[in-house]
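Multiple structures are listed underneath, in structure tokens.
What follows is a pair of complexes built around chain A, which joins chain B in one and chain C in the other.
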Partner chain A sequence: MNALTAIIEPPPSPLPDSAPLLAVRGLSIFFGGRIVPTVQDVSFDIARGETLALVGESGSGKSIIAHTIAGILASAATVSATTISFNGIELAGKPAAVEALRGRRIGMVFQNARAALSPTLSVGAQIGDVIARHRRLRRTALRAAIVQALASVKIPDPERRAKAYPHELSGGMCQRVMLALAMAGEPDLLIADEPTTGLDNTTQAAILDLLAAEAGRRRMATLFITHDLGLARDYADRVAVLHAGQLVEEGRAATVFDAPRHPYSAKLVRAVPAKAATVADLGGIPGKFPDLSGPVPACRFADRCDRAVDRCRVEVPRLEPVPPDGMAACWRPLG
Partner chain B sequence: MTALLEVVGLSRRFPVGGGALHALDDVGFRLHAGGSIGIIGESGSGKSTLATILARLDDPQEGGIVLDGSRDIAGVSARAFGKDPARRAIQLVFQTAGDALNPAFTVAQNIAIGLGTLRLDAATLERVRKVATEVDLGHDLLDRRPHQLSGGQQARVGIARALISKPRLLILDEPTAALDVSVQATILRLIDRLRRERGLTLAFVSHDLEVVRLMCDSVLVLYLGRVVEIGAVADILAAPSHPYTRALVAASPGDGRGTFRLAGDTASPIGASRTQCLLSTRCPFADERCRSERPALHGKDGRLVACHHADAVAASLDDAPGNAVR
Partner chain C sequence: MTRVIGFRLLAAIPNLVGIIVIAFIVTRILPGDAAAYYAGPTATAATIEETRQRLGLDGTVVEQFLAYVGQLVRGDLGDSLSSGQPVIEDFARRLPASLELTLYALIIAIAGGILLGVGAALRPRGVVDRIASVVSAVGQAVPTFFLGLILIFVFYYILNWAPEPLGRLSFMYRPPQPISGFWTIDALLQGRFDLFGELVRQLALPVITLAWFGIGPIARVTRSAMLDALSSDFVRTARAAGLRRRTILWRYGFRNAVIPVLHTTGMVFSFMLGANVLVEDVFGWPGIGAYTVDAVLVADYAPVQAYILVMAALYIVVNLAIDVVTALVDPRVRYDS
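Now for the complex of A and B:
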């Protein structure tokens, strides 16, 4: 190659680094013939190496969004979406496409790992099954890969633990095994659905440290689902707050935690013990969670919100930019 | 000043294949009337065993539980304690309220059982209604069964059951562990209000230091059945002097990610060593002395701590970015 061609030929253009790995647009999910969607018009992106926390109370729809992306949603549900694009591949309405990616490009970790693992197979055999699905290895190489997978999630004495059954391991150890299973396919996107609920804080921190290290090392994207905004603040780059199936705020984790714009996010922040100086600073969320089997106000938080006006009940607020760098879906965002 | 509760040298061992599990080993503390102590540690640290023994639902092998400076109730067996006059003075709120309620009984019966009865005569029903109001539980729920209630409502029923006999000491065993943070917030505020209105003394078991900071004035940190640090909450959170306490502080969510971690998981409590510090297998400060001599609790800055390197642990806080605590 001479100097002239170097000038004339444009440099090779890799996919722009800023292009999201996962792009979800206009996702709505309906259950059992209900008219009110359980998840309504939700859109978000996750870039490579980025962790997005999906935060909300029980029933907010965060798990069913995760299950939809992973293609494991119960068949009683009807999904409509403008697009669910993964690395440029369209997944919306294409179960075969999702099937081909799950366990390989898209990994998943659930809450309560002991229940999610098979009780009748050793953990090594379960990890071996996953590795064998993706790589053709001889027996000794496979055994080494299993031990390596267990070691990578910091399980002490991995050779011995590979022979253990889930009931012989602690909850934290089972969660690590599940993480090793998800990581065995070297996924580009990890969906972690409350991966540490029920564990001690110390074990929780150790597991989430591992996730963060893996995300950093391989530029893995993570969809982290939690009800704890404090945890999201510590471990996510960005946060998307979900209330009764509506995405109400999105932004940098620290910004949302320190200066929430949507009244619902503000209530969630007030529930975090670490944020309160005294118990009087703690606040719950008033009112009842909306009953989605009947009619609901346009903004589903309106009946629980002390800032609601008539407009909130008739016109759904769209996600609009709010300073400094986030988005909120509210007619009267906090200033 | 006489303590409402003085606990001395409490030990509880469970015989298991190949040795004994020391669930509690020489645990002691004082709790003044109107005071509140947080009991904190990981799973397996013995905190629920301690709560169960304090509530006199289980018996220790050794030690004393002195009530009002006069009467040692550790000698009364748990079985006999059901008929003891002190039974009503000490009540326990169980972990996972949903499992602790009887599914066959109505909500009203589940509350009345705190008085030792299932018969809802007019006087009993009146008391049930009164305590239900106190815990913000709608009277329309009293005829329901526990499974028809939300997690937060079940927690309120558990608290009402404990309060109906007008106890002086309320022991709470992770009362919010199964709840969302938003529901936890309302239950913690409720407990705090009841404490002030009724002048209750609290022993609050939790795995979350931030919850203990909000609810208690002192804290007892347990590791494998032994007290590793005990003192005023504010002092200990400001400068944890035991590596285990420090790991708990660093792991508490919402403070920014602390970086101090212990290696591995809790060691097995079965046949645990009597001659070394039980944390020495996981602790970055551990040296030869920790592996050969078990540290005793000793005074340091107004608290008690069981660590050979307590000074070094406290001093290292300053030069560890990301570990800043309040």
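Now for the complex of A and C:
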């Protein structure tokens, strides 16, 4: 940590360190005038230095939750939330408050990094734009900071790579650049939206190791969005499972993976190849995602669930504590 | 980059050769016998033949073509039959007038088209989007000369805001000493600001007429390219990184939308070169367009051929310039050629 970065360190937090950095309560997101919310009544916390994995199938609403927190959701959506509190600052319904934090206190990494970088600017120029914006560096100091940012994500020969364009770099390199870009504002919270989708396994592990190391070094909170339960177990402290916009289970990563309480989590775990011993053990999940353009059962998993009872279709189950240390939203939890 | 430009200029030579041949053939196919025309209404067969020899039109078409190419190689565009002047002298005097008109129109079309297009992309179906649609629809529906006449009728005849549509400058004023041939620039260089104002007033209507037809296509392409760019992943990244709106709009949005806009600009420029002919006629503009129309009507070959050649050369230069700018903006096209 040099003198320059020390200047822009945040003022001491007004809250005790045990308070969550990010607290989301009752978040619902509606799209295009639909009555059925795409995301319904979602609540979760993330503490400093903690990694929360938000897992679920494609279309479950993971990314739009992430985009809502970062305030970059498409304008066709309507958001309602009891609270979205970041470090004690209320963000719900306050676009200006989010804008002041974005890129600085809240960083974001996207999937498909090559498309997520401008093709007509060198990667150094793009990182430079972020550093110049948030740290007010110019010329020599800026150039040095760009090279340092690239070096910090383990990009070899950073001076030369700074002049490269995204199409001249590999997908893994582009993802490292994305990470450097998101880290340039020294965020307290990093939102990683499927950061390794489309990368090969080795590169994937390298990127996630790097992310975990940076998070650990800086006590940065991470919201890790993935459809890959195996990755969630390896890299997250806690896991929140999302099904069709409803949070169905939340708990310590190992617990959710080894002893899931919600039938959907259990089926999701069974669908991970590493967990199943043979192909025959590999369980699919019957049924399809509920169609959110029409009426849906109260528990949106009810129609795909072999434990469903009448109550599941009429009364939305709330997230309730389940032993040993998790939460599940189910009228008939497993175990 | 220099090598690429040099290569492209060399590659343009076959194009120019082809254009020289076609221009020559087209002018010979035009109806009318130049010798009969210039011999006058009372000419006999003998005087027509004599005129034909004097004009160098007595040989076969191939002989005439070779003689013409010989002239071109010496940098001679031939003599105008009607004015008796070397064509190159007429062009030296008239080309700047046409270029001044066309370039100002192009600048206004680019600036107006881009601003309308970006505004429309920021708020689809908003006010700016509607204005762009109307401007574009009028440009598509109304013929060039007709729009010119309407503007003259409204702004000169009714409102009397514009000066008489008779050329570059009213005869009440003394033109500036020619330096660049662009009278507005020359007037500024010589510190004659009142003259500059008068020149701008005189330019306004023909420039607007010509520019109008460029604004529509440029605005349309800018709008759709900007909509694509603004909904792209990299603009989302720039927003998530907390960059300024202005930076996101121009440096991340427009920079990635500019290439289709540039290519449309090339098309608009070539369109303007053609439309110039009509606009110059309507506004009495002493450019090469009006000059060439007169030449066509009297089977005056040399100016017509020279006009086609000059336009082709301009077209090639402008398109090369656009390709160079494209390569500078987008690193992915840089090594393709």
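By our rule, the second predicted complex is superposed on the first by the 319 of 335 C-alpha atoms of A that agree within 3 Å, B and C clash if a C-alpha of one lies under 4 Å from a C-alpha of the other, contacts with A are read in each partner's own complex, and residues count from 1 in each chain.
FYI, a residue touches a chain if its C-beta (ideal position, glycine included) is under 8 Å from a C-beta of that chain, and two chains touch if they have at least 3 such contacts.
Keep in mind it's a predicted model, so treat the numbers as computed, not measured.
After superposition onto chain A, partners chain B and chain C are found to sit side by side with no clash.
Greater residue coverage of chain A by touch, when chain B is weighed against chain C, goes to B. In the superposed model, A:209 lies in contact with chain B only, and not with chain C.
Contacts of A:110 after superposition on the shared chain: chain C is touched, whereas chain B is not. By the touch criterion defined above, A:57 lies against chain B but remains apart from chain C after alignment on the C-alpha atoms of chain A. Residue contacts after overlaying the shared chain place A:120 against chain C, while chain B stays out of touching range. Once the two complexes are laid over each other on the shared chain, residue contacts for A:235 go to chain B alone; chain C is not touched. Touch criterion met: A:72 reaches chain C, while chain B stays clear of it.
Shortest separation of chain B and chain C in the overlay equals 13 Å (C-alpha atoms, whole Å).
No residue of chain A lies in contact with both chain B in one complex and chain C in the other.
Across the interface of their complex, chain A is touched by residues 42-43, 180-186, 188-189, 192, 207-211, 213-215, 247-248, 250-258, 261-262, 264-265 of chain B. Touching chain B in their complex are the following residues of chain A: 57-58, 156, 170-173, 200-206, 209, 227-231, 233-235, 257, 267-268, 270-276, 278-280, 282-285. Here chain C touches chain A in the complex through residues 232-234, 236-244, 247, 251-252, 255-256, 329-332, going by the rule given at the top. For chain A in complex with chain C, the touching residues are 70, 72, 99, 101-104, 107-108, 110, 112, 115-122, 129-130, 133-134, 165, 167-168, 178, 181-182, 184-185.
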